[in-house]
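Every chain is named by a letter (A, B, C and D) in the order it is written, and numbering of its residues begins at 1.
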Amino acid sequence: MHDVTVVSNEPIADGVYALVINAPKLAQTIKPGQFVNIAVPGNAMSLLRIPLSYASADAEAGTVEIWYAVVGDGTERLSQMKPGAKTDLLGPGGNGWTIPEGCRRALLVAGGIGVPPVLCLARELAARGIPYTVSIGAASKGCLVGEDEFEAAGAPVISVATDDGSYGYHGFCTAAAEQVLELEGGEFDYVAACGPEPMMAKVAAAAAKAGVPCEVSLERMMSCGFGACSTCAVETTSGMKGACMCGPVFNAEEVVW
Amino acid sequence: MHDVTVVSNEPIADGVYALVINAPKLAQTIKPGQFVNIAVPGNAMSLLRIPLSYASADAEAGTVEIWYAVVGDGTERLSQMKPGAKTDLLGPGGNGWTIPEGCRRALLVAGGIGVPPVLCLARELAARGIPYTVSIGAASKGCLVGEDEFEAAGAPVISVATDDGSYGYHGFCTAAAEQVLELEGGEFDYVAACGPEPMMAKVAAAAAKAGVPCEVSLERMMSCGFGACSTCAVETTSGMKGACMCGPVFNAEEVVW
Amino acid sequence: MGKVSMAVDFAGIKLKNPINTAAGTFGQGWQFMNFMDVSELGAITTKGCAAEPWPGNPKPRMTEVPGGMMNSVGLQNPGVRAFAEESGPYLADLTDKGTAVICQVAGHSVEEYVAALELFDELCPWAAAFEINVSCPNISAGGAAMGSTPEGAAEVMRACRPVTKKPLLVKMAPVRLPEIARALEAEGADGLTVINSIPGMAIDVHTRRSKISRPTGGLSGPLLHPIAVRMVWEVCQAVDIPVCGVGGVMTGEDAAEFILAGATSVAVGMASFVDPAASVRILHELEEWAESQGVSSINELIGAFEC
Amino acid sequence: MGKVSMAVDFAGIKLKNPINTAAGTFGQGWQFMNFMDVSELGAITTKGCAAEPWPGNPKPRMTEVPGGMMNSVGLQNPGVRAFAEESGPYLADLTDKGTAVICQVAGHSVEEYVAALELFDELCPWAAAFEINVSCPNISAGGAAMGSTPEGAAEVMRACRPVTKKPLLVKMAPVRLPEIARALEAEGADGLTVINSIPGMAIDVHTRRSKISRPTGGLSGPLLHPIAVRMVWEVCQAVDIPVCGVGGVMTGEDAAEFILAGATSVAVGMASFVDPAASVRILHELEEWAESQGVSSINELIGAFEC
């Protein structure tokens, strides 16, 4: 349990906010792909915490940055938290990404609010000097996030797609990823995806076809976030596994879609 | 239903606050002894309104002043409402005091947070040129309210009592009232009391003995405040009567204590 | 008015829309006159009333609980004669304006239910239907004490059925619903109102006493809602007669859940204490929802829950 | 430690205090290691477990509702063998530290309950007691499907009773409690855990589908609390065996209500998701309350509710 303070909380796209919190210990320990489970005060009828990935952590500044979409009452209340507001969170939770030993090149695919955990991973790859290409997508231009940050992290963004064609390629970000895997799959040792589940299933299928190891970050309704409730189960080839402890990042081959 | 805005909301004694709200129509229509049923936001688990008497209304300024004791979650939340905060209330509710025709002199008895409706009545008596004497009580000096206001309204405050003896007479405010009624009951045409129910019962008994008409303002747990639920029933000699519609002020003779 | 037809046929009563009020939470209707146009509602149900006046229970009769409230009013009522005299003119007028008036019938015994119903049938010609309350949790005889077994509920229904030609509804306790619903249907009930408040308990841990004058009371409000929706769904699957859904309806979406679960009408209860105009607001929200569903009649949405 | 003795005797198990955890909300205990000292608790109850592994229900398995949550986990469990292997060492150690470990037993049929209990009795020697779950609302056979009538519940108890010498508790569904409690007592149950989650329903009115993968789920949280207190009180009046109160305990005062209503122990459920250290906090709050009541032992407060 970490007591945290809001440093800033500003919209970065349509319905998407960036929340920066002061949480020194967390900032030092959290790893790409892990998540936090944050208490959002303000509605006594709504009791559970909200699980959120993080987009970046600054161990020196002691801050963690989270990007979230406002989709319901909890995230709406979160968006109203002002700098200086205090709350607490549990974390880091779960297992993050596992970059394969000796990885030469990675392909990252991120859809919608699936961007943040992939962005963390990109920065980690960059830090380790592993080149990677990225395919990101969003419903429309207005709600696209991450383009600049991926650029800044050093990736040649191979494609941006929007469902409505308002920016970049008109369609899903999976299209570009599938094409890359089909044409130059041999150059990749790792595929990582986060976004809507059908999108991840598509990427996983393409990676499997190309014979490239693939990881996906799955979302489930979570009650506890630390292995106590079994509400977050993911069906895998070796039985049910909790997304909060065995995930949220899973080996895509293991997932029963 | 009136939309209202908080003008000020400040402590006036230990655990007692004065709330001034902007409510022009209400300020013009509310009568001494009536109440409002106010919505206090901030706890989604707590849904019902809070019934409160008022201490004074300023028709010209369009404001109503309420005195309330912080006794639980709802009044605690009310105490946190800042000037400018908005809410709504139902009212005026119920029947107020009925000063008898040709009343020569009145005796007012107010205990604890029973002071506000009696204070309204005092001002009404003063406006009509009817002299009155007042006996007020509180648990201790710290939570006594109304002394100055009764003085300002023009009453010779005959006595102040505190349960713990920290100020004024050590004991209940009923003692003074009982004495007055016994010794000079013939000079009074009207007794009005508000406070804890056992206190009102005592005053009612003394008034009955002295043959002086007496009214009391009763509290009940209220769900609606406008006659729809029957949770506020008061047992009377002519059956159950709703405190919100037939009261909160009752003829003391009618009340089955 | 929107484009969706909101009219429903509930137990043989034509309602201009499905929104009704829960007995005991809407007085006799006129209490709401200054807050809303009561005649916008499809129906109102009046507070339970017996042949002779009942005083109800001692104070305190109510306490708040997180997400709702608990009452032990105990069916205080003036008796049918006084009810008909005091509220009859207003309710007859409401009927003329197209809002069905459902009068709730209380009793401590089979005989008392019959006696009350006879008086109602005679003195309240404007009533659209009568609702038999075999589910009040706050009285020691009658109410839930009679309606919590199929046998007890059926006995009351059997005795009441011949008394009136008007539709007879039954307000059900939140127990053994499918069984009791089937028993009531077999005895000729025209419709079921599901659910009455669930018995609860709130103890002041400092005084070690109940926060109300009886050890238990009846719970109302949002805390009931998911339970009530499930119970309505179960009853709708068990019987063919129509159901009125009650329990924690605060918004049009809450009402819509009951409709999807199979309810033909929906009654607003505690919400009317929080916001006296809640029932009309909920009606408008329900209508908006129906429009959003692209149907031409709300009837297409009744029971449209997909498993 | 305060001045009040908090030790209680629950169904023959000596507990250092009345605070227990509700099955399915506390994993196997070790999940809470980093948040609190689990060995402060009087007992913990582990997630329901069957003889063979169960996969549980499809996603989504949970939705929030106002004042609580609704789950349809469906008793996912690894089977008793894997349970004993994975969690045995931790739980044996916890037992050594003076916290009683109660293992919950799941089954789809009488035979399965017996099979699971046999394995438990053999493989979990450190267990203080076993709790038979005849009340899970989220499985199609066994659970509440068996435990919702006196006959069904008694049948399971009758078959299980000879299997172990250890105390047998039964987790009860929130229906027909006094009758079923008496039937269970007659069959030799040592204690009763009251209540399991109440079945509810939450419909997404836009998709017209359930918010979870089954039409209904089990409700937990504060919304249950006043209902659960009433049910515990009813059961305590119906039987002589001790009761563990469960349902919406978020604070020491909530736990105190159960104690006053007659419960000998109190289990914390959903609160542990909101605040993983809730159970120890509630223990401390309960102790403070007991002190404020001027008693020397919490036992003086059990059933001390005054009607």
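Please note the rule applied: contacts are C-beta pairs under 8 Å (C-beta built on N, C-alpha and C of every residue); 3 or more make two chains touch, one makes a residue touch a chain.
These figures come from a predicted structure and were not determined experimentally.
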| item | value |
| --- | --- |
| Mutual neighbours - chains that touch chain B and chain D alike | A, C |
| From chain A, the most remote chain by mean C-alpha position | B |
| Which of B-C and A-C has more C-beta contact pairs | B-C |
| Chain A and chain B, separation of their C-alpha mean positions in angstrom | 59 |
| Separation of chain B from chain C, taking each centre as the mean of its C-alpha atoms, in whole Å | 36 |
| Gap in Å, rounded to a whole number, between the CA centres of chain C and chain A | 49 |
| Multi-partner residues of chain A (each touching 2 or more other chains) | 44-46 |
| Chain D, residues touching no fewer than two other chains | 66-68, 222 |
| Contact footprint of chain D on chain A as seen in their complex | 1, 39, 45-49, 90, 220-235, 239-240 |
| Complex contacts: residues of chain A adjacent to chain B | 43-46 |
| Complex contact set, residues of chain D against chain C | 65-68, 70, 175-176, 198-203, 205-206, 208-210, 215-216, 219, 222-223, 225-227, 229-230, 233, 253, 256-257, 260-261, 289, 292, 304-307 |
| Touching residues on chain C, where the partner in the complex is chain A | 66-67, 222 |
| Footprint of chain B on chain C - complex, ascending | 24-27, 31-32, 35, 47, 53, 55-56, 58-64, 66-69, 71, 73, 76, 221-222, 270, 272-274, 276-277 |
